[in-house]
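Reviewing the structure listed below.
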């Protein structure tokens, strides 16, 4: 389906901004700065209004004024206390609200972090397997985990047995980082490819519209 | 230091980076002019996600968390499209959230478009709840009841009046959560969704993050993983679709070849330089 | 008063939420639900603080540096355009609106392109920084090479071998190394959180005035 002139105009603006951002690869320049600052303003404005509709209206206006849940004034007052952070004299008032937020978030975090990052990970490490190659992999994985943890143990010097374990650990970590880099390349290129395809499709559409 | 008098390996190693940028631009443009097919193998972690959804009966509920923003759109949008097509084709019901602050508009566009292709209606076949800040707290709150963080959906409709949400209250009513995340929201689904409520979680993540989630896959804290654009291409192949990820694979091949050649050439120069300097000493 | 009471609040709320995890009683679940709900509301009201700070910083920068004035106007104009456009909720949900077009044709191109430049940087880094200086660097380089080779369509049986090796690398040594990091970081985060609850760590409160 042929694009309308208004769509082509918007897409033209998008292509201009795309090329303006890419121009940074040669050197910093006013076109790049313009695109970057416009993005900052537009993104902040978008998020502000999204927060207003899906946050403030849905979670403050609606419960208090439409559903009569007046106890929501408690977190509203606490949230407004956070704004005192801007005042040099009364900034300490924001700590009351921050205390609730930090206390509740941290209290929820601790037991779940124990379960997720420690217990289930250790359980996964020592879960029994059967078969020759699964057993070899199981032993290599245990070795890798223990030696990796030994590398991060800085309370004693890395000498003797701890030194050997730590050295094995860092090599294991390097394999992990290498694997990470290999997958990262794919991700970064995908972003570039998407912009190239978008730009190509725009010029093809424009050519088709004009001729 | 100018080029004259420099050994070949010194000149090789000191190339202006803008030549490399230019080469990168060229290799990315080549497949745009002359595309070619790239075979894509299927990995176990991608098949696990596909097969889990494939085995769900019609009417079952899937929570699709579109937790990414435009910076990771290229990798995660194809995953979202493929999963949406599969879910709608199987007449599954969907609860969709978008916990990244710049993601809701993208999520709305893709869900509306794919739903229309399958004749699915918002409110009847799927609910798009939208965005709330603080993903960790929102994930925890949804586990109690979706209505706690989301009294209304993205369009302002009270959730209690949405037909599809009538018997969906929390994670106990959904078969699984599939989070497509470009940031640490993926960790939050594991820690606050799976660990607290036991809901099966699968992740679709960017290439940068993918290698970090294999421990969770091995410990069965997630039941499947779509690693980056290759994971998306594999999923599209499982669905017999040629989507954006599959069409992007030729570009991946040329770019990867450039980087592999660059790594080899640079190290040949480096080794030659090191030997020459060792010889001089 | 200025520090002691907030520390006490953190201690009490933190301890209650930790204990709540282990208590399956209905009262405990009620407390959990409303604690979450209240934190969301506190956060919603606190977030505009960041937006205000950003806009204030932009204006201050414009006042100080004449070269920044044009760009500050661009930022503020973009912000105001979206705020005015987004007053009605329908602007978010109806296709083809001004807000949707600004999102699709300004935000997405800018944000996606800024991050896509990383592809060029990674190519440059692969050429200029990835050197086999030490055995450690060699291991990293070789692993990255093998994983990247998976994308390239090799002739059989090389393709099959490479895929199998990559799967093994991801499932065993990579998994082990990332697990060590997860456990290490997890222990660190838990101990830091405990220090916050016990009032030992007070950085989140900001300095005294």
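The first chain written gets the first letter, and so on, giving A, B and C; residue counts start at 1 in each chain.
The rule we apply is simple: contacts are C-beta pairs under 8 Å (C-beta built on N, C-alpha and C of every residue); 3 or more make two chains touch, one makes a residue touch a chain.
Remember, it's a predicted structure, so these values are computed and weren't measured experimentally.
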Reference chain A; chain at largest CA-centroid distance: B
Which of B-C and A-C has more C-beta contact pairs: A-C
Gap in Å, rounded to a whole number, between the CA centres of chain B and chain A: 12
Chain A and chain C: spacing of chain centres that average the CA atoms, whole Å: 3
Chain B and chain C: spacing of chain centres that average the CA atoms, whole Å: 15
Chain A residues counted as touching two or more neighbouring chains: 25, 43, 46-47, 50-51, 53, 55, 59, 105, 108-109, 112-113, 116-117, 121, 124-125, 141, 176, 179-180, 183-186, 188-189, 191-192, 194
For chain B, residues that touch 2 or more chains besides their own: 21, 24, 28, 71-74, 102, 104-105, 132-133, 137, 140, 149, 154, 156, 211-212, 215, 218, 230, 252, 255-256, 259
Where chain C touches two or more other chains at once, by residue number: 36-37, 39-40, 43-44, 47, 89, 92, 103-104, 107-108, 111-112, 114-116, 119-120, 122, 126, 141, 144-145, 148, 150-151, 170-171, 174-175, 178-179, 181-182
Residue ranges of chain C touching chain A (in the complex, touch as defined): 2-3, 5-18, 20-22, 35-49, 51-52, 54-55, 71-72, 74-83, 85-87, 89, 91-92, 99, 101-122, 126, 136-137, 139-148, 150-151, 168-187, 189-190, 193-194, 196-197, 204-206, 209
In the complex with chain C, residue positions of chain A that touch it: 10-11, 13-15, 17-18, 21-22, 24-25, 33-53, 55-57, 59-60, 72, 74-76, 78-80, 82-83, 85-86, 88-89, 91-92, 94-114, 116-118, 121-122, 124-125, 137, 140-145, 147-149, 151-152, 169-186, 188-189, 191-192, 194-195, 198
Residues of chain B defined as touching chain C within the complex: 13, 15, 17, 20-21, 23-25, 28, 38-39, 41, 43-44, 69-74, 102, 104-106, 108-109, 112, 132-134, 137-138, 140-141, 144-145, 148-149, 154-156, 211-215, 217-218, 230, 249, 252-253, 255-260, 262-263, 265-267, 270-271
Chain B-touching residues of chain A, taken from the complex the two chains share: 25-26, 43, 46-47, 50-51, 53-55, 58-59, 62-63, 105, 108-109, 112-113, 115-117, 120-121, 123-125, 127, 141, 176, 179-180, 183-194, 196-197, 200
Footprint of chain A on chain B - complex, ascending: 18, 21, 24, 28-29, 32, 71-75, 101-102, 104-105, 130-133, 136-137, 140, 149-152, 154, 156, 190-192, 194-196, 206-208, 210-212, 215, 218-221, 227-230, 244-245, 247-248, 251-252, 255-256, 259
